[in-house]
Amino acid sequence: MTVDGSAKAVSMGDSLASFDSEFVQLLTPEGKRAEHPEYFLDLPAEDYRALYRDLVLVRRIDAEAIALQRQGELGLWPSLLGQEAAQVGSARAVTDNDYVFPAYREHGVAWCRGVDPLDVLAFWRGVSHGGWDPSEKNFHLYTVVVGAQVLHAVGYAMGVQRDSALGPDGTAVLVYFGDGATSQGDVNEAFNFASVFNAPVVFFCQNNQWAISEPLARQTRIPLYQRANGFGFPGIRVDGNDVLACQAVTAQALRTAREGGGPTLIEAYTYRMGAHTTTDDPTRYRLASELQEWQGKDPLLRMRTFLDHDKLAGQDFFGDVERESDELAARVRSGCVSMPDPQPSAIFDHVYAERHALLDEEREQFTAWIDSFEESAR
Amino acid sequence: MPELKQFAMPDVGEGLTEAEILVWHVQPGDTVALNQIIVEIETAKAAVELPCPYPGVVRELHAAQGATVDVGAPIITVDVAPDSPEAPAPETNSVVGIPADSAPHPESDSQQSHDVDHRAAVLVGYGPRAAVPTRRRRRKPLAAQPVAATSSEPGTLAPPPVRKLAKDMGIDLASVTPSGPDGTIIRDDVQNAALSGVPAATASPGTALPPGFDPVTRERRMPIRGIRKMTAQAVSTSAFTAPHVTEFLAVDMTQALGFVSRLKELPEFAGVTVSPLLVAAKALLVAVKRNPDINASWDEKIGEIVVKGYVNLGIAVATDRGLLVPNIKDADTLTLAQLARSLTDAAVKARAAKTPPADLTGGTITITNLGTFGVDTGTPILNPGEAAILCVGAIRPRPWVHQGRSSPARLSSSRYLLIIGW
Amino acid sequence: MSQITLVKGLNSGLRKALENDPKVMIMGEDVGKLGGVFRVTDGLQRDFGEDRVVDTPLAESGIIGTAIGLALRGYRPVCEIQFDGFVYPAYDQIVSQLAKMRMRSLGHITLPVVVRIPFGGGIGSVEHHSESPEAYFAHTAGLKVVACANPADGHWMIQQAITCDDPVIFFEPKRRYWEKGELGTSVAPDPLHSARLVRSGTNCTVAAYGSMVKVCLDAASVAEAEGASLEVIDLRSLSPLDMETLSSSVRRTGRLVTVHEASVFLGMGSEIAARVTEQCFYSLQAPVLRVGGYHTPYPPARLEENYLPDVDRVLDAVDRALAY
């Protein structure tokens, strides 16, 4: 294995991970079921259809958001294109009592947790820094500082331990982060705290191969899931484009955590088909051939093929899903363009839980300032 | 009726203010679907495809392929209600996108929730506004911050400059009637108080007498001893026994200053203070040579003028302990460099209280320099026993009528003038 | 009324907090078995258990980050940063997360975390053990910042900080840890964010916090013998500042000198000077003068007496103020 030190565009061939070693897969890119000695997923047909529907809707929201950004309705959007299965699969393994910490690209997880897509878009539109109540959905706000949320998740899990809230119906914590985040000190401290305290937390790393323009080889010399060994807990790699494997592996890890078995690191091996965000230009650092290769591994395609081939869904179903995604897209669009800006005084809201004399003073002055003009600023 | 909507060049978030139309994927008359890619634009960094925000029929393209368009300029108009029968009424701009200020666009009677922003595009987010400096009209003036003191708070209220004025004038602020806003004392209040004889400030921290003043008499007495006593006596005697006549002359030192600069470069003047004073001293010595009778003293007892054949040049030096006038013996025999050295030595010794007593007697003519005090000139007092004294002041640039060797007299905006009192 | 040290005052305050609310937790390096390198948490793990008094891994950012997670789960963690100079690895978690999460969440999230930091010099220690980083935190909206100066305040203020629903950075003057003071447990404590007039005077106000309060009181005694009357204020709360107490004092005396160990440049004294000048402009007889450390890193122990403000430096500033 070589470490890529060049600054030019790199291809998959330069990256370290050997694709087929220790890689849990239950659904091949061709849409065929595969078997694994430790993991299996045997669902009723409607659950497979539901997963497919999730994948389609999540992709559609993402596409609509990109278009909205290109039309000036969002300041920025980080696309999850290609990562739908990693997010939907893992999120659908989460129970009602579990608690989830996303990074900032987990719109698919948000969808599964029941967060309104418009609340997610509000963040990227600049209407708020985080528009939902975390405790309502057991889904924390987006964290933009890379890796910071991983410590929060471990702390939360330590709280769960103190609540004696473990057990089959207990609470496990699931935290998402990317391959880039694994270089951050906070993430490594989090691994250490989780290990030392045997915290009930599942670390879900979506390794999408790129941290903006920096390839995986810049973040690690070894496969990411092996990091866990260094900290003393199990790590496992799963085919991040296989929604069934992601669900199975995550469910198992959550069970382990819930039952007091401590942390697990799951590396979902996937690919960021789009740009880092709408302001990024991936053509500057990666090759089109790489994209093509991963297109052959598309998560939606294999699921559709599977449903088709195994006769788990008919044309009516696929038509319904299409229609539903159109309607959802239209709702998201109209909701986004008509989203009202917050009142200017919102600048001063919720800074403190209790009084702060200076803030009160400034709020008063600001109100007088705003009132003193004939027309508003914008 | 047909409903026309415009799509303006958006901020694609790359710190751009313009983009080039690479290729249109639609033409007027084409039906377009929502989010259909209608154009590819080239930014400074990459080619970006733009999806159409409106379904309908393309009415007009506003920029040709290859054209560079400002962010905010309309690029396409789409009729979103193409099947309605009536004549088209142009919809006022429903601007989508975040325009810059430079491109012309229709009056924004905008139905969008946000107005035309003037923003420059950047990498993460909307970007800062481009500078279009204006100021919004104020409805009413902001109330001035009220002076927070209440009547229950002790202490006078006055801004710092007024406090200083009161202190300098010895006025106690507590007895001044304030007429400023919110009970503050203003400048006029202090001045009025001074005119009407308000009692002066009594001693208190902040209006305390300087150290050394008797708090009762409010006077400070300074006993005079030593050098000061002698100087006082000598000067009074001289001033009131010898007739004093002073003549003033303005001397154009411009060339002399050049001379001084050149002297400083010479090796024999290395480490020696070279200044216009040196030149003036030398000039005095030359003058004495030509007019030896000036280098004399009046013997009152015998009734004779005693002309000296030697020049002991006195140089007045202000020291901590008082005014000293050491003299340089036989100054007329010294070279310029030696004279310079002697002048410096005399001053240094005097300030260090190391002047030999012999140097303090036997002077025949004196030069005194007020220039260091920034004074233009002065009426010097004769060193007792001498007949002449030269006072030199500060050299300043002034307008002067100057006649060069080969040029006619004309007003120069500045020549360096020295005014001597002789 | 009993005489106790600041350490004991804090210890008993923490004990009461642990007793009063089962959600209160203590976490930090060496706080459990050892009872803290200054013994501030002595005996607490023995009495409240390892789940509530936690010896953490040696990782400041980890301590604060996990404390945030615990607070999200409903706990009230009291973190200890062992020494002032070691808070910096945790600065991002404090400033980017702890301070901002409430506003980010539009009020849905409350983070009642206390971060205890022994601060300041005068203990003859090596590098990084004598810092005064309070300005970095007071400057950050979303945090509250307080500093106790005596055992009674240590005892009460720590409890108030723990029951406060906002994140509080709690500075403890380690130089005063072993000094004794009265602890009257029957007296109702002052509000957490109030300043306190600790000595009345007429000629000049001197405002300080933490270890410098005692220095200012000493300076006031010396000044009294010399014929000047100083009014001394213990600020206690740095964010929010109690401007009312400060301003009403300055309106009476007409002069203000601020004193802290942190360097003068951009220290707390600068903000106070600006605000007091604005609010008391017509009452001021002299500009506000600031006493503090120099614009240098904290010096080695043998030199620290030259760096730290002492009675002479305080009185020199007072003299200059009085000379106007």
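When the chains are written out, they are named A, B and C in that same order, and each has its own residue count from 1.
Assume contacts are C-beta pairs under 8 Å (C-beta built on N, C-alpha and C of every residue); 3 or more make two chains touch, one makes a residue touch a chain.
Bear in mind the structure is a predicted one, so any value in this text is a computation, not a measurement.
Student: Of the chains shown, whose Cα mean is nearest the mean of all protein Cα atoms?
Tutor: Closest chain centre to the overall C-alpha centroid: C.
Student: Measuring between Cα centroids, which chain is at the maximum distance from chain A?
Tutor: B
Student: Suppose each chain is reduced to the average of its Cα coordinates; what separation in Å results between chain B and chain C?
Tutor: The mean C-alpha positions of chain B and chain C differ by 43 Å.
Student: Roughly how far is chain A from chain C, centre to centre by C-alpha average, rounded to an integer in Å?
Tutor: 41
Student: From the mean C-alpha coordinate of chain A to that of chain B, what's the distance rounded to whole Å?
Tutor: The computed centroid separation for chain A versus chain B comes out at 61 Å.
Student: Could you pull out the residues of chain C that touch at least 2 other chains?
Tutor: Within chain C, no residue touches at least two other chains.
Student: Quick check on the complex: what are the chain B residues that touch chain A?
Tutor: 7-8, 10-14, 34-35, 45-46, 48-51, 53, 96-98, 112-115, 117, 123-126, 136-143
Student: Enumerate the contact residues on chain A facing chain B in the complex.
Tutor: 63-64, 67, 69-73, 75-76, 126, 277-279, 281, 283-284, 333, 337-341, 368-369, 371-375, 377-378
Student: Sort out for me which residues of chain B touch chain C in the complex.
Tutor: Chain B residues touching chain C: 145, 147-149, 153-160, 163, 182, 184, 205-206.
Student: In the complex, go through chain C and note every residue touching chain A.
Tutor: Touching chain A from chain C are residues 25, 51-52, 56-57, 59, 61-62, 64-75, 89, 92-93, 96-97, 100-110, 112, 141-142, 144, 164-166, 193, 239-243.
Student: Would you mind writing out the residues of chain C in touch with chain B in their complex?
Tutor: Residues in contact with chain B: 203, 228, 247-248, 251-252, 254, 278-287, 322, 324.
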